[in-house]
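Paired with subunit B in one complex and with subunit C in the other, subunit A is shared by the two complexes that follow.
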Partner chain A sequence: MRMRVNPTRMELNRLKKRLNMAVRGHRLLKDKRDELMRQFIDLIKHNKELREEVERELQPALAKFLLARAVMSGESMEEAIMFPKTRFDLAVSRQNIMSVYAPKFSWEKAGGGQGEGDIYPYGFADTSAELDASIATLSQLMPKLLELAQVEKAADLLADEIEKTRRRVNALEHVLIPQLSETVRYITMKLEEAERSALTRLMKVKDIVRGKT
Partner chain B sequence: MSMYKIAVIGDKDSILGFKALGVATFPVTTSERASQTLRKLVRERYGIIFITEQVAEPMADYLEELSTRLLPSVVLIPNNAGSLGLGMQSIKRNVEKAIGADILFGKEGR
Partner chain C sequence: MANDSKYAYAVARVRVLENRLLDKGQVDRMLEAQGAREALQVLAETNYASAVGELKDVHRFEDLLAGELERVYREVRRFYPEPRLLEALAAKYDVHNLKVLLKAQGLGREAGGDILYPNVGNIPLAKLEAMFAQEDFRDLPPHLRQAVEEIGAGWSQRPDPQWIDIILDRALYDHLLALADTIPFLKEFFTHQANLVNIKTFIRVKILRQDEDFLKKVLLRGGDIHQSFFTDLYHEPLEVLCDRLALSPYAQVVNEGLAEWQEKGRLTRFEKLADDFLLNFVRSHRHHPFGPQALVGYLLAVENELKLIRIIMVGKLNKLPPEEIRERLRDVYV
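Entry: the complex of A and B
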């Protein structure tokens, strides 16, 4: 499809400039897309591994917890974990992946000692061993869960950006650039045609003038 | 750099364990309640929201919408009965969206 423009020299110059720009933009966007893709593939592989790992480990921990709930009475269970000793503080900063901003999580465990037994907010006297085991696993799993949150978010955002970039590349490649180059060719032809017709007219006029004298 | 909170939404039996670690837990029984809770938490300062696949299933649209935002990061987790594979599906969807073809899960799919 050629654009509807006047076939003038000025228009030709303008279109040529646009075409140049479009070609340059296309090349840059294509590079961007390729690099995004490369990063995305690394990220998504990591994401998949991480999720498999988390799902594998989380489910038994939660199942153990269910067991603990079964052997303990509801009240003593509630009581045991009513006041957690530790707290997760989440600090969010931004990381820049190819000018896509993704959150980067870092966390601090506030409260509680650093020792092994310090995650339990209760005494061992009236709680079951399953509860201890479940909470220990969960606590170990927490860093992985947070990493999963970060990686998954980055993958979401990257996938979005890749889609957008790919659309732009395709639009340039298949629509704008062919359109521009076709129009440029059309104007060039038209101008040449006009030149030729002017030339023949001149020659004809010259012949007529010569014939009279 | 600022501080955010972490939340877990799901059925009580599955998520109570997180409470012992000091993560805010929001037990829900139905997915409507879960959806309401999630919408409420999104407006507050929560950086990460874990949600069990069982209650998250009917609100895939909303989760999709959230996935284009910087925060919060909503993560699907299995509950004590096991995984429904929704989390994996969302990874798969991302791959298809970005690359146009399935390169990670090709062996299992067909």
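Entry: the complex of A and C
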């Protein structure tokens, strides 16, 4: 569909400039989309691996936790784990992936025990040994869970951006560029038509003048 | 013996109460039930009938267990002639409440009502909470006050929730054995309990590769297997523990428990056998007509029964296969 504009030479110039710009923008956005796609695919591959790994380890840990829960009373269980011994200090900064600002986590284990294995916040008299294994796995898994959260958020943001870019590319390709080029053609034709009619009028006038003499 | 005749009435009452405990048939029926709701239906035919009727959501079955525990202690307190005995048996609930309140204080938040025992312990929860509100622990029994002070002193240097548990557990067992000094049966019971806890702690410390100093800290002092027995064994492989305990009453618990650990890497069987050992111990004395045996047996049986129900309910709610539930089930008292 062409735009409703006055078919003047000035308008033609303006539209040609816009068309030029649109074509250039379209090319750029297409490149951006392709690169985003490439990055996104890398990211989700990593994400998938990480998630599978986390789930593989989380499942037995949760199963053990469940069994510990079965042999300990709800009260003792809650008491045992209500006060965590280790703490993660989490700092969030930004990373720029193709001008998408995704959060980047950095963390540090703080507080807690002196040794590596000193993660158990409960005494041993009133707790089940099944809890130990579960707590150990969950504690080891924590960094991976944080990384997973970071990667999943990045993938999420990237997917949004890809969606937006794709919509822009499509809008340019299927709407704006055809519209502009059609309008340009229309104006060119209109102008040529006007030129031709001016020419014929001129010739006619010339004939009349010549016939009188 | 003449002194013990004061128990006669209480023993008779306990006998009646014992009859209301779940028997093996009922536990098996719960185990074979299709789902959690069906398992609960089995309970509806027992002593728990009214509580089951009031229960709106199967997932809240812990309310039922907490209610039962509270009811049993209330009932027994009404007729029991020897308050010291009940004090000893309920002491662990005070310690639990104290742990929760101390941890909540350390975290700077309120302790959730769900994880406290409001009416089971010797010190009413409201009184305990008031002490925390005013930070005045003068009214605590001396052994607990001392423990709280020790925790407070350690806390200012390095806040460690594990420390709260360790100190209070130790204070608890010291106190229990002191209380039981004049009641030989009770003393024997707590000694067994402390020994079994220590053996389990030793194995866990070895498995978790904690150091020897830590082991010294977490071992209870109450048992008659001395601390040095464990510290000497610390650098030996776990199998040596079986040999050393071969002549003790715990030989079977340790042998079978460790066999399962080596095969499957878990202490499930050990914990089950340890609980069964204590239950069998009190069961073998339960026919004593004059003395505290029957009551200790009954209260332990109630706790055991609540544990049984919990294992089955958690198993059923999470659709665990029956054999997985069964290997964790403790013996039945009656």
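Just so it is clear, the second predicted complex is superposed on the first by the 209 of 213 C-alpha atoms of A that agree within 3 Å, B and C clash if a C-alpha of one lies under 4 Å from a C-alpha of the other, contacts with A are read in each partner's own complex, and residues count from 1 in each chain.
Here, contacts are C-beta pairs under 8 Å (C-beta built on N, C-alpha and C of every residue); 3 or more make two chains touch, one makes a residue touch a chain.
A quick note: this is a predicted structure, and the numbers were derived from the prediction, not measured.
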So, after the overlay on subunit A, do subunit B and subunit C clash or fit? They fit
* Asked: Touch check for A:28: first (subunit B), second (subunit C), both, or neither?
  -> neither
Note to self: Touch test for A:5: subunit B only (first), subunit C only (second), both, or neither?
What the structure shows: neither
- request: Look at A:189 in the shared chain and tell me whether it touches subunit B only, subunit C only, both, or neither; answer first, second, both or neither.
  value: neither
TODO: Considering only the touch criterion stated at the top, classify A:130 as touching first (subunit B), second (subunit C), both, or neither.
DONE: second
Task: State whether A:157 touches subunit B only (first), subunit C only (second), both chains, or neither.
output: first
Max touched-residue count on subunit A (subunit B vs subunit C) belongs to chain B
Checklist entry - So, does A:66 touch the first partner subunit B, the second partner subunit C, both, or neither? => result both
TODO: Examine A:89 and indicate which partner it touches, taking first as subunit B and second as subunit C; both and neither are also allowed.
DONE: first
_Quick one: is A:75 in contact with subunit B, with subunit C, with both, or with neither? Answer first, second, both or neither._
second
Overlay on A puts the nearest Cα atoms of subunit B and subunit C apart, in Å, by 6
After superposition on chain A, the subunit A residues reached by both subunit B and subunit C are 66, 69, 80, 84-85, 111, 120-121
Subunit A residues touching subunit B in their complex are 37, 40-41, 44-45, 47-48, 51-52, 54-55, 58-59, 61-63, 65-66, 69, 77, 80-81, 84-94, 101-103, 105, 110-111, 119-121, 134-135, 138-139, 142, 145-146, 148-150, 152-153, 155-160, 162-163, 166
Contacts from subunit C onto subunit A in the complex sit at residues 62, 65-66, 92, 96, 99-100, 103-104, 106-107, 112, 114-117, 159-162, 164-166, 168-169, 172-173, 197, 200-201, 203-205, 207-211, 218, 220, 265-268, 270-271, 306-307, 310-311, 314-315, 318, 320, 324-325, 328
Contacts from subunit A onto subunit C in the complex sit at residues 66-67, 69-71, 73-76, 78-80, 82-85, 111, 113, 115, 117-118, 120-126, 128-130, 132-133, 136
Per the touch rule, the subunit B residues reaching subunit A in their complex are 1-6, 13-14, 16-23, 47-48, 50, 67-68, 70-71, 73, 75, 77-80, 82-83, 87-88, 90-91, 94-95, 97-100, 103-104
